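In the two complexes below, subunit A is the common chain; its partner is subunit B in one and subunit C in the other.
So, the complex of A and B:
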C-alpha cells in the first residue's frame, strides 16, 4: 500500500480499460494532488515558455528583445508546470525544507516534457544546472537544479556539466529581491568550464528570467554556440 | 498487491479456460507474466503467486471434469445423505439437492406430488435433514439436438452430478437435524403471509423481486423480459440489494436507539442472511458480498478499490462453490459489473442521467454479447431503449414498492392500497411492453457465436473501450466497425460454406427434418412434429420452443424456402403453426389429400406464404436444388398411404423421404419407379411393422436407414421385425431415440452421416 508523497493519503489505484492488461504501477502521488499539479499547455511563448493565447512571443519577451543591453542574449526557455500556489507549496517543501524525495513526484512529467522539447532536436545534449553559492548550498544541503539535471541524466542519455559557479557576496537571497533590484544586479555567475557545444540550462523556477539571462549571457560570451533552458516551473 | 487483485480473476479465468481447451492459453499467459516480471512491472512474489494459483486452479478443474464425466447409475435402490439446499415445494412437485454420504457431489431429487399426498405427515423434508431415499430413477437430461438447451450440462455446471426422481413419498424418510432450515422456514412463513395479504398477481411479483422465486410469474412475462434484455431486473442483483440496503439504512437511522454503527451492524447481518432468503442466485451472493466487503472496508479503513473488492468476492465465491463459474447468472453478473467498474472514466464523461443509463446499458450489451449469442443466438438492439424506460421504473417504483409491501404487510388498509396501485401500474407497464413486443421486436439473428472467436471479440472490445476512454473517437469507431464486421461475418458465414447438412431432429415420436443447402442457398424442411400437453388434451409448442426454434436460430436461419408436409398427422405437422408464426416460410407443399381445414387455418396469419399441392411425377426446383416427387399418384384411401414421398440427391448420395407410407404405397412406388435405388432411406412411419417390407428394401437398396422415433414410445416403434429385416440386409441403422439428432453433412464429392450424441460424447469433458 503506498501513500501520496504530497498529502500522505493512501493511494487507491485506479484500473480502467486503458491499463487493464498492464500490471498497475505504484503511483507516487494521489489523483487529487496530481489534478492540482497541471502542466503548461500549448500554445507557449517561444521565448520564455509561458502559456499564451496564440503562438509567438509574449509581450514581456518582445520588450526584452528591444532592450539594448539584452537583445544579443536571446533566450529559449521551456518549463513543465505553471508556478501556481499549490506548486509553490510543493516546491517550498522540496527546496527549502529539504524534502529531497519529493522530486519523484515530478519525474514522469519532467522526463516527458524534456523528451518532447529536446529529444532528437540536437545531437548531443549537455545539461548545465544553475549553481548555488556555497553559503546557500550549505543552508539547503542540495542544489535543486543539480538534482533535476541528475534525474534527467539518470533516465535519458545526457551529460551533466558544472560549467558555472556563483559568486557568494550576494547578501540577500535572490528570491526575496524585488524585480527591479534583481534586474539591476551584476552577473552573479562566472565560467568554470568553457563550453564549445550547445547547452541546456537547468533550474527549478523561472520567475523573471534574470537568472537564466545572466547565465546565458556569460556562456555565450565564453564561446558556447547556443544556450537554451529548461525549468521545472514558471 | 493493492489494485492488482483483479489479476487473480484473470489468472483463474485463464486457468479454467485452459483446463477445458488447451494448456497453450495458460503457457502464453504465464509467459506474458514472466515478461512483465523481467520488465520490472511486477515483483517476484506476485509472479510466484500467479504461477501457484494458476497451477492449482488448472489441475483442480481438470479433476472436477473427470469427476463429472463419470457414469451415473441409472437406478439406485437405497441411498443415505443430507438435504443440501432449500426444499422447493410447489403444488406439482417437491425438489431439492441431496448430498449422498458416499459421493462428494450433489444429486437433484424430484418427486411429483399426487392428489393423495399429505405433506403434513412428512414435513421433515427440510434443509439439513438426514434422509434415506429408496428406488431412485435417473433422469436423462442430455440435449439431443444441436442448439437445444442441455439441462444435464446445466446440472453438472451447478455442481449436481445427476437428477433422480422418486416414485412415492414413502421412499423419502427424513429426520430433521441441524438448524439451517430455520431460515428457510422463516422465509416460507413470510412468503405465505405475503401471499395471504396480497393478490396473486402482486404476491407473484413480490416473490420474484424480493425472494428470488420466479415460480409464480407467467412464463410469457419471463420470456418477454428475456427478449428485451430486462431479465436482469427479475434476477435479484446489485440494483435490488442496493435499494434494500438504502431503505433499511434510512429506516433504521430514523428509529430511536439506532446509531450509525448499530445500523451498520444490523445491515451486516442482514446482508449475510438475505442471499439465503432470496434464492441464493449468484447475482444475489455477488451483490450482498460486495456490499459486505464495502461495509468492512468502511469499518477498518482499508484502501481497496472497487475492482479489488469485486475481485475478492469473485475468488471467495469460487472457493465456496467452484462450479459457480459455469453458471450463466454468475458470468453475466460478474462480467457486467467488472465492465461497468472499468468504464468509470467513460461513464464519468457522460453528462446527464439519461446518457449514463444509455452508456451502462450499451456497455453491458456489448460485453455479454458473445455469451448471449452463444446461448440464445439472437440479440435485440432496441432493448437498450426499453431499458431506459424500465430500469428507472423498476428502481424507483416497483422494487421499493415491493419492499414496502413486505415491510408493511401486517398493517391494516395500507396493503390493500398498495396492492391496488401495484396491480394498476404493473399491468399497465406489462401491457406497454407487450404492445412494443408485438410491433417492434426485430431481433438480430446471428446464430451461435463460435467459441473460437471469443478471444478475438474480447480483445477487440477491450481495445474499443480503451480508445473510447481516451476520447480517441476515430480509432474507437474503426474498432467498432471491425466488431460489427465480425458479427456480420458470423451471421453470413453459412453463405460461404460449401457444406450442406441434413438434420433429422430427435423430436420424440414424430418427424422433423431440416435441409440446409450448400452456401445457404436455401433451407428446406420436411415435416414438423408437435407434441401434446401432459394429459394429451391439447397441442403444445414444446417441440417448437425447445427443439425446432433453437436449432434454426443457432444456425442463424430466419427463412425457410420450402416446407414439405407429408400428411396431416400431429406427429408430422404439430409445430407448423408456430413455425409459420415466427419464421418466414416461402412455400408450403402438401398433397391434395391434406386436410383443407388445416391449410385455411395456416393461411389466416400468413398471407405471404404460398401453398401448393404436389403429385407424384413432378420435379421441383427449390433454390436451384432438384427434388423429385414420387407419391401420391392416386388416392390410396389411407392417410399414411397418401403421404408425400420425395427423393433427392445431396452430394454423392440419394435420399428417399417416405413420410408414413405403408406396405400398399411401398408396392405402388416399386411398380411406378423401377429404378427406386437410394442410398439413404428415411424409414417410413417411425419403423412401424406396417411398412419397410423386404421387397421394398430390395427395391431401394439403401446403405443406411434412419428412424425418427421417440424413446419408449407407446407404439413400440421401431418394430423388432423391421429392425431384423434391416439387419439381415446389413443396412446401417441410425435411430434418433438412441443417438439424438442424425446429421448428414455433404459437399459435392463427400457425404458423412453422424449423430449428435456420439459427436458430443467424443468431446466429452470439453466445453
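So, the complex of A and C:
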C-alpha cells in the first residue's frame, strides 16, 4: 500500500476488469489530489502560454510587445499547470518548505507536456535552468528549476547546461518598495557559458514574465540564436 | 562544539560562569533541541562550547529516524540531492511544517548550567476560591507535581473548572525554580488559556506557543503550547500537564506521546487532564496502574444534565431527505426555557449544509447558521453565536469541546452515527448548563437505534453525578 505524496493519505489501488491481470502501476498521488491539479488546456497564449478563450496573444503579452525596453525580446513560453490555489500550495511546500520529493508528482504531466511542445520539433535540445543565487541555493539545498531540468534529462534525450548565474539577492532584499523598479532595470543574471545553439529556459513558475525576459535578453545579447521557455506552472 | 550521538545528557557540564544561570540566552537555549537556523544569531563564547549536537537524522543500516520528531515511517522520509553537502540523502517529511530537517544537519542542545528564574515566594496572583471538589483535586495535583517521576490523571467533568485546580501546583513549582509546560491539542485553547495564566502569574515568564503565535519569546518558565510545538524541546520541563489526553490528535498519535516524553526531564512528573478518558485510560485506572483523582461536580455545584434519548424510525433517511423529525419540532416548541440558544449537532458537513435552508424556512423569525471545520468564517460565526446574534447553530463535532456558551440546549441528530463516540457524546452533553445563572440545559439524543457509545455515554454521566452526590 502506498501513500499519496501530497496529502499522505493511503492510496487504495483500483482494480478494474481492464487492469485485473496486469501488474498494478503504483499511483504517486491519490485521485482527489490529482483532480485538484488540472493541466493547462488549449487555446493558449502564443506568448506566455496561459489559458485563453481564443487563439492569439493575451493582453499582458501585447503590452510587453509595445514596451520600448522589451519589444526586441520576444518570448515563447510553454507551461504545464495553471498556477491555481492548490498548485500554489504544492509548489510552496516543494520549493519553500523544501519538500524535494514532491517533484515526482509532476513527472508524468511534465514529460508529456515537454514532448508535445518541444521534442518532435527540434533536433538537439539544450535546457538552461534559471539559477538561484548562491545564498538561496544553500538555504533551500536545491534549485527547483534545475531539478525540473534534470528530471527531463533523466527521461528524454536533452542536454542541461548551466549557462547563467544569478547575482546575490542581498541588496534587493533590503527594500521591498524599490524592488519592483530595480527588477525591471537591473538584469539579475550574468552569462556563465555562451550558447551558440537555441536553448529552452526552465523555471518553476511564470508569473509576471520578468525573470524569463531578463534571462532571454542576456542570452540573446551574448549570441544565442533562439530562446524559448518551459515552466511548470503559469 | 563537541559531538555526541545519543540523547541529551542529564549531566550538567562543569562551568565557571555562575552568572550564566540568569542569562536570557541560557534561559532560551536550555531544554531546547534546535536546528542551526533556530539558534540565536552570532552566538559566541561562553555559550558555543556548551552546546552539544546530535545528528538530525539517525541513520542505522535499516531505517533512518528523525531525531527531531521521532518519525521513521518510510513514506515520511524523502530523498534529496543536497546542494549543501553535495550528497544525496534523507530528509524528514513529517516535521516540514516546523522547518525541514536534512540528514547532513545537526540538532543543538544546551549542556551547560540549568537556568535560574526570578525567585518568587508568592507567584500566584489569582485570588479566587475553589470548591471542595476542586480543592481536593488541586491538593493531589500539587503533591504529584512536587514529587519525582509521578503520573496523575485528573478526571474532571466538563465545567469542573480544571484550570483553577492547576494553580496551586504551578505556584509551588515556580517558587522552587521549576519549569512547567501545559500542552493542549488545539491552538484555540492555547489562545484562551494564555491570558488567564498571565493574569494568575503576573510576574512569571510565560509564553504561548502555537502555529501562528505572536507571543513567542523563546524564554519561559511556564509554557502553554500545542502539543506539536514540543518538537523543539528536550529534557526541558519538571512538570508537563497534558490537557484533553482523549482528544484528537493526541490520543491516536504515538509521535506526540514521544515528543511529550522527550520534553519532560528524566525525573519529571506528568498530569493528564480529561473529562472523558478513553477505554485505555479507564482500564489503567481500574487496574490501579494509573493514579487518578475525580472531580465529579461542576464548579457551580449542579449535576450534569442527563441526556434524553429518543428512537426515531428511519431517522438518517429522513435527514437525507432534508426533513426534520416531528419529535424535534414538538420538543422545540415545548422546551422549558425558550430563551436558550440551540446547538444542533449533525454527523456530517454535507448534512449541515443540506438542512440549513430547510430549518431557516421552518423558523423564519429565528437567526440560523451552520458551521463546520472547513468553514472559512468559522471563527466569526462562533463569535456571533457567542454574542447571541444566532439562535440555532447547526454544527459537526468541531463544537463538541473546548467551547463554552452560558445558556444552551443541545440536540444531537443521528446520535448513533459512528462519529459520535462515547467521549464525543459526553463532551457534547457537557455543553449544556455551564453557567451558574442557568445550570440546567436540556440535552436530546435522537437516534435510530442505541449504540454502545450512546449507552456508555449516558451511563458515564450518571455515574459522575452519583459520585458527585456522595462527596
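One rule holds for everything that comes next: the second predicted complex is superposed on the first by the 210 of 234 C-alpha atoms of A that agree within 3 Å, B and C clash if a C-alpha of one lies under 4 Å from a C-alpha of the other, contacts with A are read in each partner's own complex, and residues count from 1 in each chain.
One rule holds in what follows: a residue touches a chain if its C-beta (ideal position, glycine included) is under 8 Å from a C-beta of that chain, and two chains touch if they have at least 3 such contacts.
Just so it is clear, the structure is predicted and the values come from calculations on it, not from any experiment.
Once chain A of one complex is fitted onto chain A of the other, the partner contacts of A:142 are limited to subunit C, with no touch recorded for subunit B.
Once the two complexes are overlaid on the shared chain, A:13 sits against subunit B while remaining clear of subunit C. After overlaying the two complexes on the shared chain, residue contacts for A:68 are found with neither subunit B nor subunit C. When the shared chain is aligned, subunit C comes close enough to touch A:97, but subunit B does not.
Overlaid on A, the two complexes show subunit B and subunit C touching the same residues of subunit A, namely 2.
If you check the complex, the residues on subunit B that touch subunit A are 2-4, 6-7, 36, 41-42, 46, 303-305, 307, 342-346, 462, 465-466, 468-470.
Those residues of subunit A that touch subunit C in the complex are listed here as 2-3, 8, 93, 97-101, 137-138, 140-143.
Touching subunit B in their complex are the following residues of subunit A: 1-2, 10-18, 20-25. Those residues of subunit C whose C-beta lies close enough to touch subunit A in the complex are 75-76, 78-84, 91, 93, 96-97, 100, 102.
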